[in-house]
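Presented below are the structures under discussion, each in the form of structure tokens.
In what comes next, chain A is part of two complexes: it sits with chain B in the first one and with chain C in the second one.
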Partner chain A sequence: MPEPFPSAAPPIVEIDRLTRQFGNKTAIDDLSLTIPRGGVFGLIGGNGAGKTTLLRHILGLLKAQTGSVRVFGLDPVACPVGVLGRIGYLSEDRNLPNWMRVRELIRYTEAFYPAWDSKYAEELREAFDLDPLARVKNLSRGQRARAGLLVALAHRPDLLVLDEPSSGLDPVVRRDILGAIIRTIGEEGRTVLFSSHLLDEVERVADRVAIIHKGQILLNAAVDEIKESHRRVTLRFDQLQERPPQLIGALTQEGSGCEWTYICNGESEQVRRAAQALGATVVYDSALSLDEIFVTRVSQ
Partner chain B sequence: MRSMPHALLWEMFAGGWWSLTGMTLMSCLIPMLVHAEMMKLQVDASDPAMVLLQLAFIPLVIIQAAIGVLIAQRRTSRLYAMPISTHAIVAWHTFAGAAVLALLVAIVSWLLNALFGANWPIGSTVLFSIAVWSSMQLLASVSTQQSLPGLCFAGTPLLLLFVWLPSRYGAYSPPPTHYWSGVTAGEFVFLATITIFCLVVTNYSTRWARCGERLPVIGLWNWIVAKRDAMASRVEVRPRFSSASAAQFWSEWRQKGLILPGTFFVVLSIGFLAGVQRWVQSNFQLAEVYEGVFAFGSFQLMLAAIAGFVLAMDFNSEAAGQRETQLGDSLDGSNYEVMGSFQASRPVETREFAFVLLRVAGVSIAITWLMWFAAACGCLGLMWLSNQLPSNYLAVKQPWGYLAIMVVGPWTLMANAATLGLIAIRHKRLAYVAVATVVCYLVAAAVLHDSNVPKPIQTLVHSVVIGLIALAVTLVSVWSFWQAYRSRFLSLRAVATAVLVTAVVFAIGIGVQPAELTVVEFLVLIGFAVLTVSPVASLPILIAANRHR
Partner chain C sequence: MQIHITANEGVPIYLQVANQIKYLVAAGRMVAGEELPPIRTLAESLMVNPNTIARAYRELEMAGIVEKRRTLGTYVSDQGSPLARRERMKILSDRVDQLLAEAGNMDVSLEEIQKLVQQRYSVIRSSRSKDTNDA
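Then we have the complex of A and B:
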């Protein structure tokens, strides 16, 4: 039986006060994050937010300058075999050996993973419609993504790390195949960590989401929890207001005169009580999409 | 910028001044080293050996400087989306590059003449470099289409130029007899024809590439590849790899393993042909062929060093390099090429990566050496059949020393070049600074040579510098072993074995050079002995630094 999400088991990834600088630029800034075992964890952020840098630390491809990274309880830099042997990784740049044929790529990758499932690899190859004789350099961007996904999945990893997995995939593959794979792995009790800036996709497949911005985690919670705790409310005041009155939990506000619209962090009842305290009535109250929450949080 | 030529020139100098400076310095490094040695031996510029040296160095200088210009110019494809005609793109890339290259070649020639009393003709070399540049532009343009027949076609003008060059020195009635000092009208027309031909074909090639079409010749190639793939589908895929290490070795070997044996085969064939030519001229004395083959064995050293640099590269690193630059990871401001994320995320210990590379180097060298041995034995067999066996089988003055160097030298050079390559890939500017330091030292040595400083003091200065370098090499190697042991890349047993091998190589060195050693010679011998094993420690450290940045 797969464990319920979030799992009571020890977390699969523990990052503590990680900082990474590239020259003068701080890519990760004193970031702490725990990723529970099991389920689908979405990492969302804009371009240059630090998603790829964070994932590369988890894989041990970048060494922590300060702070620590633990994956399966191990340091990925000190124990690359112990960590990488249990991870399937699809990089954003789809970095694969260009000179190999698809079947050579499969045979080559197989040698690194004792748990490699040849039958499953063949099923995936057929599902992804990959010609075994095609050279990797001749594959289209979408085909490269599929080939990368195949070699990341076929050893049935405990942790699947996907960096912008949708990039280059057509909508059908993205929705049907990728979505199905991510869900299946999540339901099998294994963990999927994926980064994306396609928020509808994250909303569809992720159980838990972390928003990363300028190298810091702004929000880290279950998707439903995030959606329930963010609301758009429109308040009507008895008198004209030159400035928006300060509503507890308000993240943004806009409007004029007697009607002001707020985006708030808090549950519906809390917001209603806060509005009453200001002497206003709630004339409109709605939940926000993940996309709206992200934009609000990031643009603060 | 007011115009495209301004913008292109600005871009070339602003973005590529490191590669322009670095590659130009590299291009004059070897000629300077050799000329410095020749100056010590007081060889006159009119000596045939000096003519031969110039003939060998001109292509080296031009090609290295041209690579610097190509890197500085960046790919033509970045301009495809701009509102500029293809003619303009090609013309300005070619003209701006040719002007810069001509200037660089003129500077290098002038420097060699001024510092070492060499007799490099500037006018003819510069004209030749312009034709070479045009043909390299053609090659670079066609190389974007990744087609072997296209490359063969595009490489023909370059090959033709380098085959033609020796004839200007009278080299086809060996040895070369004179410098190519004046350019005749015929030579000018020949060079201009090649330049214009390359310019026109580059224009066509770029036009095709800009529209996403391929050169017609590639259609034929694609058909052949499709047929070959259809045949390959009937052949069963290779058996499973026994281990991750075996798979990694297969991957590295397929990419880099045959570079040294392949290039040595070409060089050996040239040696064989040179020997055959001398055989014909010397009344069919097979000893001439044998000596040609035997002497060309020393090319193993140079080729091993080049192959070592290639060994350090990850051919799929480009995307990773671009990625790092996007992230702002430009430790020293250069777009270095790092280990690609696919390679770096393989669940293999870093020491396995290093040992696989060293294994590839070892097998490459063994094949190359056996090739050389087989060629020499083949010649000896022919000599035995024709009753012409030589009295000195090893055909050199110090046969055992030569053989010892031929056994240990390629390994030391290849493995250490891989180490240096890994440093240079990560820190290109550091590599340029190192080369610049050596060039500065050579310039200083040349100035010292012509000064009034007494010879014993000059010798002492050089001895101190060489001794310090040897000492530094030894100390850095010892530190590498300590670090590798601490990081668990090497076991205590491996370290002990390395010490033993160093001692054996040192003892062989003492045996080959039985005369009493000076302190500097002693330090150099220790440094050389240590270098034979130091890559075992330094490679895993550098790979780890590249893998877990």
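Then we have the complex of A and C:
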């Protein structure tokens, strides 16, 4: 039985007013974010939004220029052993040592983690159909992702970090990755943080999502909450309207004449009341996909 | 149990799961006393978050459609209860509402709708009896 979400336990990740610049480009802009313990946290954003930079701070690969980063209550740059020993990480470019064989990769990684579970590693190797004698450089893209996933999972990390785990993979491998995420949080208290631009996947597996855009968090809430609080409504007015009348909570509007369509933040009932106040009737009202909500939010 | 999830749709996934189980029960495809799959099993087969399935089961439990038996699992409740009938009526009411809304948009009157329902009923019934005769 999965534990209640969000959990009352102290958060896994706490980022406070983090800013990061590369030259004169601001990658992370005064960003604060808390990731609760347990469950799956999805980080969504377009290319160059700051997803990877943010993950690299959590892994202690980048030092905070201003602001602070705490993982398991520790500074990941000052205490790499205490933090990295409890994290499993699959990078977007899956940078694995190319010259090794799969068997060597497994033994090599094992040496870093006291909590390594050899039996589990072997189970995963078989389930993923990885040849122990194959060279990493000769693996197909999908097998490479599976090898990366194996070494990220086999020490049963408290926090599994996946950077764009599905990008460029076929549906069969994507299914393995989603399955690994689901099984990981099936084990009590484990947390998964993953970044993705495949929003249907995020919607399937994430408990919470944060939208990152231009180095800032635009929205951070439970997936169900986000979906229930965004509607697309079409209003019909008695008289022609030159421009769209202001609807409370509206994020976008388009249309002409008597009919105007809005994407708005609010529940069905609230929106209906707001429309009534304008003297209009709701002729169409539907929920939005996470994809549509994302596009609306980042194009504000 | 046959459930189909479409991510990236308007309806939250927990609601898709709950609605489809409600439908299966109302349609008699799941009967009283039948066990629902364990949360984790269903989560892995549908490739969705286990918390989502847990939420769907909680909704169904609150609606009286399923019941938890201590640690044994989740079972379909006794269907003799009036709740099941209420649930069926609710599903149909939603459909009727959609029909009426569309009819309103197309300027079709209630009398015409009623006539149409009667007509379609006769058509379906006669084609069904023809099927059984053929078989």
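Heads up, the rule we're going with is that the second predicted complex is superposed on the first by the 286 of 300 C-alpha atoms of A that agree within 3 Å, B and C clash if a C-alpha of one lies under 4 Å from a C-alpha of the other, contacts with A are read in each partner's own complex, and residues count from 1 in each chain.
Just so it is clear, contacts are C-beta pairs under 8 Å (C-beta built on N, C-alpha and C of every residue); 3 or more make two chains touch, one makes a residue touch a chain.
For clarity, every value in this text was computed on a predicted model and none was experimentally measured.
*Asks:* Regarding the shared-chain residue A:V71, is it in contact with chain B (first), chain C (second), both, or neither?
*Replies:* Neither chain B nor chain C is touched by A:V71.
*Asks:* I'd like to know which partner A:I212 touches here: chain B for first, chain C for second, both or neither.
*Replies:* neither
*Asks:* Just checking: does A:E203 make contact with chain B only, chain C only, both, or neither of them? Give me first, second, both or neither.
*Replies:* A:E203 contacts chain C only, not chain B.
*Asks:* Using the superposition on chain A described above, determine whether A:A27 touches chain B (first), chain C (second), both, or neither.
*Replies:* first
*Asks:* What is the contact status of A:K227 with respect to chain B (first) and chain C (second): first, second, both, or neither?
*Replies:* Touch partner of A:K227: chain C, not chain B.
*Asks:* Would you check which partner chain A:L61 touches, where first means chain B only, second means chain C only, and both and neither mean what they say?
*Replies:* It touches chain B, and chain C stays clear.
*Asks:* Looking only at chain A, is it chain B or chain C that touches more of its residues?
*Replies:* It is B that touches the greater number of chain A residues.
*Asks:* Using the superposition described at the top, list the residues of chain A that contact chain B and also contact chain C.
*Replies:* Touching chain B and chain C on chain A: no residues.
*Asks:* Provide the residue numbers of chain A that touch chain B in the complex, in ascending order.
*Replies:* Chain A residues touching chain B: 22-23, 25, 27, 48, 52-53, 56, 59-63, 77, 80-81, 83-85, 87, 89, 91-100, 103-104, 107-108, 110-113, 132-133, 137, 148.
*Asks:* In the complex formed with chain C, which residues of chain A make contact?
*Replies:* So the residues of chain A touching chain C come out as 1-2, 5, 39-40, 175, 178-179, 182-183, 185-186, 199-201, 203-207, 223-224, 227-228, 283, 286-291.
*Asks:* Mind listing the chain C positions that touch chain A in their complex?
*Replies:* Touch list, chain C to chain A: 5, 7-14, 39-40, 43-44, 47-51, 54-55, 105.
*Asks:* Which residues of chain B touch chain A in the complex?
*Replies:* Contact set of chain B toward chain A: 146, 229, 232-233, 237-238, 240-244, 246-247, 250-251, 254-255, 315-316, 319-320, 322-324, 326-331, 340-350, 547-549.
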